[in-house]
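The two complexes that follow have subunit A in common; it is paired with subunit B in the first and with subunit C in the second.
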Partner chain A sequence: MDARDSRIGLGELAVAEPSRLAFEGVTKRFGDVVAVDDLTLEVEPGESLVLLGPSGCGKSTALRIMAGLETPTAGVVRIGDRVVNDVDPKDRDVAMVFQSYALYPHLNVRRNIEFPLRSRHVPADERDRLVATTAQSLGLETLLDRKPAQLSGGQRQRVALARAIVRHPRAFLMDEPLSNLDARLRTEMRAELAELHLRLGVTVLYVTHDQVEAMTMGQRIAILRDGALQQVDAPRTVHDRPANAFVAGFIGSPPMNILAGRVDTTDGTAEVVVDGGSIPLGPAAAAALRQRGLPDVTVGVRPEHLRADPAGTLKVTVALAEYLGHEQHLGCRLPGGGLLTVRLPGTRSALGPGDAVTLAVEGDPHLFDPVDGNRIDV
Partner chain B sequence: MSDAGLAPGAAALGEVAAGAARDAPNGRRRLGRTGREAAVGYLFVLPAMAIFAVFVFYPLLRTFWLGFFRVAPYPTIPSKFVGLSQYKSVLTSHDFWASLGRTVEFVILTVPIGILLGVGLATLADARIRGIRFFRTLYSSTVATSVAVASVIFFTLLNPTVGLFSYWLGIEGGNGILQSNTWALPAVATVTVWQNIGFTFILMSAALQAIPQDLLEAARIDGAGGRRRFWRVTLPLLSPTVFFAGVVGIIASFQAFGQIDLLTQGGPDNHTMVLIYYLYTSFQNNDFGTASVLATALFFILLAVTLVQFRFIERRVFYG
Partner chain C sequence: MGRHWGRTGRYALLLVAAVVVGFPIYITVVNSLLTPQQIAHRPPTLFPLHPQWGAFAQAFTDAHLGLYLRNSAVVTVSITVAELVTSVLAAYAFTFVQFPFRRVLFFVCLATLMVPMEATLIPNRQTIGDFGWYNTFPALIVPFMASGVGVFLLRQAFLQLPHDLHDAATLDGYGHLRFLMRVVVPLNRPIIGAFGVYAFLTAWNQYLWPLIVTDSDSVRTVQIGLRQLQSLSIDQINVIFAGTLLAALPIFVLLLAFQKQLIRGLTAGAVKG
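Up next, the complex of A and B:
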């Protein structure tokens, strides 16, 4: 409440009662293709939850099911306590922001923002007041008479948001709303969206394939793959304790190094042998693997957890070096042929292609079952 | 001459020309790049202009010129130059104004209904239901029908003794529809609408499919029902196509000839004597002078109508 009231004129923009959104065992098939596979997921009232996954993972379909633009093949969809499976989109009282913004090109900004109000027969004076307040809070006052074609990408995005906010919906559905913006604008709008959510305290279901967007926009992130839910957790948990190798490889930039390995406990210390090198294990990890009793394991090491250290256990040759200004990424070849990405802060290291380096791993590596990919808890 | 003010693309394009200019003697350099580019442009347009000149511009001017000559009723007597007097007599005659009136009536009977039906059928056929392809093919099929075929089909259907329409309307054996002063023009208009429906349907279907699905979905979520979506989103986005169909339809209706020639020959009692058919009759009667005046008049009327459409109606049209 404090966040809402601290800003002038924004109190009345806030939704009175943000709603809970729920998928209960929702499946959607298009012919033989299963787009969404038995999805059970809840978005708490006022929460911002991000659906994240690669293209074709079913995240947009899930969002469209919530909006009512698709009908689930099986399962129950709820908004608040109401089952909405058979409710028309226009009666669901949710707002959606599309990747294309979907602004009505023949209407000026004012009429675009008004559209949902006119659809609901809001009286003219009330309408004018709402449009004015919304336009002001998004900095659109001076653009009200322009057509969408006369606006920049960022401005269009704001109009699309204004159209969603103006009618105080029970929840916001956002389908890759930032994908059409250039990199700089995207960063700006990302911050604005996050702030808007904080300010309005509304329920947001946000779809993206961009993990940076997901990490910054979501209070929780739900990762989908082939229509199936992989993990739902806070960004930090998803990053630090990925539920399986897929999530581990999908979250983080550059992606986590994932290698097939074999547990070796012959000389008293436990280590995982990989591709002509080895990664030492702490006592807890060693115990967990010993208890499991199988020698094969998949190990994951984040690029930032590798550092050059003469006392290390991985002897590699630098194959390529990328300088990004604030950090550098090295692609390093293991004796067995595998490639390891190393992320070094700063740009002072003079390592280049052909140089031999010894790498050490900081802390325990992530361990996954080589068959089902699930995390082996330590 | 400097490249500084030019767009990079244009500058790159002009580099070759600029190189040539440097080598050329002083006099040619002054002609400049713009002049040379324009010359190349005209060269590209030349073939089209040549064809237009022979088949359009020359006949047009020649027709206008022929209007100054009164043609004698006997082929042996030469035409006589009468200046503007023939223009004056034809354009103030009752026959001209009567035929213009019929033409306007015909346009009003064909164009709006044709567009309404086209939009309606296209909207229906846009539905995603089983077997809709069959209807799409059916609705667009008249595009593959010639005016002559359409006329013959309707001529049979409207025949007072054996026609199905006459039977359905309970007037078989009596006066035929095409022989009725009241119904002949609407009947010819109906044939025209029927024949054009395929074209209008295809136009409108293409335009409907070009409307981004996102917009209609956004409108659904914004609380708009089917009717509001159609009036507030679909129709405004169809407006350029509707405008185009209107302009093309009016021109086509002004020039509709085949169906009138095959069905009524301007009858009964001149009740389907539209401008173009009046022109044709004059031409048949070897009255080339009158025919030329009418042709010129038709040209200027169409020009005026089209200009008015662009000037006033186009303002209400939204181009994406």
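Up next, the complex of A and C:
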């Protein structure tokens, strides 16, 4: 049995009114380390917001602060209209799903699901009814007497979800819930989770380091770096208009090429001179740079915006070719030693390691301030 | 071929070890079933053809073994239960509860393992005297109600539990005591069981301490009772053998029943020590 055997059908599940979640100037220090740095962020009622960032960026700490498992050093945490800084985790009415699933290994599926109900002294018949409904909606009804060790990864994850759903919380906190699954199962569970959110309409705060997961699971994505919020926006906006060079490099697969360049506006046209050649700029981009008066600039070019073209402006040598079936990635060496990733769609190209290629850039590149890394809007 | 000889050699070695360990026990059993005259006879009798069971009854009537066994049971069961309770609670606190000086206190706890019992014998005897506990059960029980070994052993086991379980239980509304009883203890039953057996064996086999805090038969334990047996006259030597067997019987039973758990507990200790 695996996750494909059943789909989530949550028609019968009643759910509590979803709550707004808010961090207001929240900081968390562990000794000298600032894990979360002055975070201000709101999750709207019923919204699915993803906290995304590399490991150690403070996203899990932020989630644990919302759950009440960590106390903020400064700032205010709200669930609904209530300030919950001093409220016990059990009284916050939020459910958490863990990367490790955190199922109780000695209890069978039924006992695992009803665990939170027992602590709340829900009467036995009501408990049985809730467990039955939840188990049925997650396709677990035939597994109720099994122990977690007898379940597959996907099934365990659904038991963990059932344990969260059964108490009808006002919000779900998910800490990398899919990271322990293999790639195929992860894709399937991602779809199930998205469907679950759609049906239940609950507020979800979801933590992941996987940008693909973030793009598919989040109505909005909040990107953290070293505990500080970099950008909060819809997935499309984060991808198309990254707020700074860090976000640009983090979102997208393969990641965006980031190059240091010198602005050249001598002969009427504008271009950025980089290692291996130059990248031409449109009039709007040229105007924006001219207005700023910056001599240097950081340019970002997505791998899919590069193509091999004899009339191109960048001269590189192919160092590595990865064939993925539906597309091909080329790692191209710049004369100065840097690597440029090119993503070629469709059938296999004839290019291979050692070939000299000229690349053309489609459209305007992303421009970032070389000092603070912030986006230069065009 | 080499593997075959290796195995043969191993079994030969085990056989020798089994004889070395088993023979004295066998002789004790044989002698308990002989009359004193038969025991004194040379060459010795190795197979009692007409076993005499009277020595076992005599151990109870002449040597008060029943009383000693009862005292040992009271003391050992009390110590085992108390040690389990205190060790589980302390190990839990050192694993899951944040409090000031946690590390320091844990090392203090460990440090008690490095003090030999003999070094504290006199001051402890003094304290018992000051409490007016001489010749009472509390004198035999109270000093052993907590154990550094237990705290250490169980803490190492509890540390293996994923911390997410504690977080999940916290969010599910379980406080420390309920998390301990519903999750930590059930999941650590093997190691807690092993430690229980270890505590029982240690308590049952105590000799020096009971000897110096008691002199009345009403509270003395079976190990001291055995010593008293030796003061019986030589014409009752079969009773000494029978008494020794009876005193060791609970340990035999326990070892057979909990063999696996004990070995697991001992190896866990070995790896960590």
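Everything below uses one rule, namely that the second predicted complex is superposed on the first by the 365 of 378 C-alpha atoms of A that agree within 3 Å, B and C clash if a C-alpha of one lies under 4 Å from a C-alpha of the other, contacts with A are read in each partner's own complex, and residues count from 1 in each chain.
Following the convention adopted for this analysis, a contact is a pair of C-beta atoms (placed from the backbone, for glycine too) under 8 Å apart; a residue touches a chain by one contact, two chains touch by 3 or more.
Just so it is clear, the structure is predicted and the values come from calculations on it, not from any experiment.
Chemist: In the superposition on subunit A, see if there is space for subunit B and subunit C together, and answer fit or clash.
Modeler: In the superposition, subunit B runs into subunit C.
Chemist: Under the stated touch criterion, which partner chain does A:L52 make contact with: subunit B (first), subunit C (second), both, or neither?
Modeler: neither
Chemist: Should A:L224 be classified as contacting the first partner (subunit B), the second (subunit C), both, or neither?
Modeler: Neither partner.
Chemist: With the two complexes superposed on chain A, say which partner A:A22 touches: subunit B (first), subunit C (second), both, or neither.
Modeler: neither
Chemist: For A:I258 in the superposed arrangement: first (subunit B), second (subunit C), both or neither?
Modeler: Neither partner.
Chemist: Enumerate the residues of subunit A that count as touching subunit B in its complex and touching subunit C in the other.
Modeler: After superposing on chain A, subunit A residues 67-69, 89-90, 94-96, 98, 100, 102, 104-106, 115-116, 119-120, 163 contact both subunit B and subunit C.
Chemist: Under the stated contact criterion, what part of subunit A meets subunit C in this complex?
Modeler: Per the touch definition, subunit A meets subunit C at residues 64, 67-69, 89-90, 94-96, 98-100, 102, 104-106, 115-116, 119-120, 163.
Chemist: Show me the residue ranges of subunit A that touch subunit B in the complex, using the header's touch definition.
Modeler: 67-69, 88-92, 94-96, 98, 100, 102, 104-107, 115-116, 119-120, 149, 163, 167
Chemist: Which residues of subunit C touch subunit A once you look at their complex with the stated criterion?
Modeler: Touching subunit A: residues 162, 164-165, 167-174, 178, 182-183, 186-187 of subunit C.
Chemist: Which residues, counting only subunit B, touch subunit A once they are in their complex?
Modeler: So the residues of subunit B in touch with subunit A come to 212, 214-215, 217-225, 228, 232-233, 236-237, 239, 318, 320.
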